[in-house]
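Lettered A, B, C and D in written order, each chain numbered from 1.
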């Protein structure tokens, strides 16, 4: 059922990556600007991420011997240095996630590029390495983002939803490996209830949320060659009740003997390698998909 | 419990049709117009339909020996020719679904008719056949749509929700067979989480979504003579985890020995045949239901 | 756990009433006024009520030997005479539900009273009886409604949520028996997905919706003396899959031997009788609860 | 998995507090001001709290020998004296919850302080004690709230979400113990459907709501030293079907032998005691977290 199954290392059936977007209180700032200080409860909920969840998560990863990917706004890198140091010290990957969780597709091209460069510089300064991967905040990738990523030497992006296997974005300025995600493995819909962030769902029990995430996993396991990416958040999935359940999930996944847990950087490198060796031919999407506004004048806004 | 059970072929208890509305990226265009290019993640999620899901779905249909109905905006017919060719080649039906998923009831009569004609022409040019059926985008059928459908030689519509058996719309310009649908068998509520399309629900596991779809099926099976229509979308139900579950559903349905899987065109033809033979007298609705505004001036807007 | 359990007839533990609000297409008219004609799909979904569901529901009631209460806007009484006749012929109760589902609390006092009188007259003309009970559309009872109900000779209202047993509203113009309801036994949250009515929830399977309704029932059964009122709608709960489940529910409830199924009119009469005989002293609420705006000027709107 | 487990009394693994925010009809007043009188159904739903639920809840607590914490707007203290007297008579704690459920972070500093003082005075006058604890209405704590709480001699706050154990807020004007909460143990998401309060979710069955609350409890039980706080409402969780389930929950929790049920005041006192004795060193957060607007001018509002 997969058109282009990837030959994963050691015959693994599924490549698995838990990616953690450590947005922390950047979210309350970008939502409320000067009013953020008066959103103390939302702030506390978000700061739970670097303060409480990150140590817990790192401890789990150490026990399982996993290295994984984290994405974070550069503002968070500057404002939560303790969490960042701990993540880097354990050898995890830190990717680009905007400056303060702004939406790239609400910026001008010049602004987007400028803030991308500033954020790269901040990450490099604090972690010793330029980011190799990008996740656009709230998946709000602009039409310019892929080109800028290629231009700035990024290896991969993980913000699109176009497949269950990696594919290539040919941007005109170079190519970027896309490691696609899905709302079905994002932890906001099942867990986040945050009036101050304009996002309210009924909070689900960990078992119910996990049903959705695991349905994706089992489907991929039954159909070797695909990629499972959890798009989670320390303040959300790192909560005690949920993270205990995640530990069980990791244990279960590892016990299947069918998975390759890796950072997105490692996954992108593997796909590049099997492509180079001729073992694998990824799908290539040429951007942009369409050159101009596709809606006839008469039908504009007739939604 | 059904007032007018249809005598289905070979004593089948339920006529079943999985209809797939291949909206693809038309949705991001109609929602955002000139800004669609900057919604790259939503675009990728939607293009998953023709790129990834359609080959998977067609493969399943071939294995089960099914031919089914697809509806698609004419813009999609033009922009996703590979998917369209594959669908046509396998003998499936392609129905009318607007030009670029615009809402017919937000257009003037002249505009609606004009775009219907253009879309018919595009479908005919690419598939070799005029469409016989209509599904109005987002079910946004206008008061004029049924008349235009009759005028343009359509055989059936599948956008209304007035019954669990087919019925007839007497439009003044001719009659149209209505093959009714329901939100209970639509895949958006259980699965779609798309901030860029202003539609966000908690994503459900395939098993939970299927509970709702199958409750409809079992109810009809217990009460022979009705019609079960899945209103699904390649980018939604065609996702790996969900389509694997759909395959199990098809297998289960076929194994009951109680179902007739058919295109909506075949179902409409069958009902017309049993009506002509006198075996069946469908309900006939005369349109419009009401001649004018029903709300007294004083009560306007007092909702 | 109930402060004032009612002594129900024959030692029943729970008084049960399925009330059906047959709003039909009045909803699309009050929501869209002159634009209602262009909401053909929503109209068809709503007309399913009188056209398809009412005959099915009445058939069930006949088989179980039940008479129950229906509320409907006077406009529906005029526009769906066949459904109304069938309901009346079987001896069910028809209560007041506005003229065309307008919100009483968005009208002036004079308007509210005027339309109440017109609606009473229409109901009386078509059913042979003035309505004895009221349910305010969308529970939008105004501060004037209880007084008008008393003035017009109504016996009971069923729009408030203040208890699990009947209570009395002392309105200043006379008293009204309140037979309270709850969103927990309303069928909109679990089932209604209607973009044209600004109401969208994930559609639930009948079994899941019933969990909520039955949790209320079992709680009352464990605590004799309370009232269970389903606030359902023919186009919603009358759908085949759901109504089959309702039939099982009725069968189950009857088989407990613990319930008294009755119309709200009968329930109100019983409470009045046991009050008169001195067996029961209902809670009495004196309206209005507060004489004026309770929010200090400085805090207005600081929500 | 907890960084700073608290040594609870008698080796208890979890400190448990059911806190009840008795907002009653204050909510309809703050939402609608002069229009509140015309929201009679919402009012009745809310008044169910003091009228029906409080006696039921107090009865349960008496049977289990529990004393617990209640928070309520001062307006409710004045307007529901019978409920307040009963709560006080049984020895429960009454905490500060605004004057009429206004959002502190929508007031000026002077207004916030002024209404806090007035509310303290009202609570003291009616209950004989100044409140020792605070829960900001809808968790809408402002940047000034913690300082005002310290200034007015409060011992603890319970409006933030930054941990699963108590922590200290160093406000500049003194310290406040924070006893953190979570939306995962709040009863609004699973139960409240109130169009008049702009809050609508599908109403869940008590068993499903309890899954979420109990997942939090079991996680804490597996990881001794944490705090479980139910943030519930008499009109919501005090409903018969839900409160019966709460009774089972209390019984279950007590039977584990692992819990210490206490008021928040007692919990705060215990933490202060073990801190003083040197057995425990709580996390200390210095407020404010950030001195000024964190979003660069160019990125303001680019969410």
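Throughout what follows, a residue touches a chain if its C-beta (ideal position, glycine included) is under 8 Å from a C-beta of that chain, and two chains touch if they have at least 3 such contacts.
All of these numbers come straight from a predicted model, not from anything done at the bench.
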Using only the C-alpha atoms, find the rotation that maps chain C onto chain D and quote its angle between 0 and 180 degrees, to the nearest 5. 90
Taking the mean of the CA coordinates per chain, how far is chain B from chain C in Å? 34
Chain A-chain C separation of Cα centroids, rounded to whole Å: 49
Within chain B, the set of residues that touch 2 or more other chains is 201-202, 204
By the touch definition up top, name every chain pair that qualifies. A-B, A-D, B-C, C-D
Residue ranges of chain B touching chain C (in the complex, touch as defined): 1-3, 105, 136, 138-143, 145-146, 159-164, 180, 182-184, 186, 189-190, 201-202, 204, 211-212, 215-216, 218-220, 222-223, 226, 283, 288-290, 293-296, 298-303
Considering the complex alone, what residue numbers of chain D touch chain C? 25-26, 29-31, 33-34, 36-41, 43-45, 47-48, 51-52, 55-56, 59, 75, 79, 99-103, 106-107, 111, 115, 191, 193-195, 200-208, 239-241, 243-244
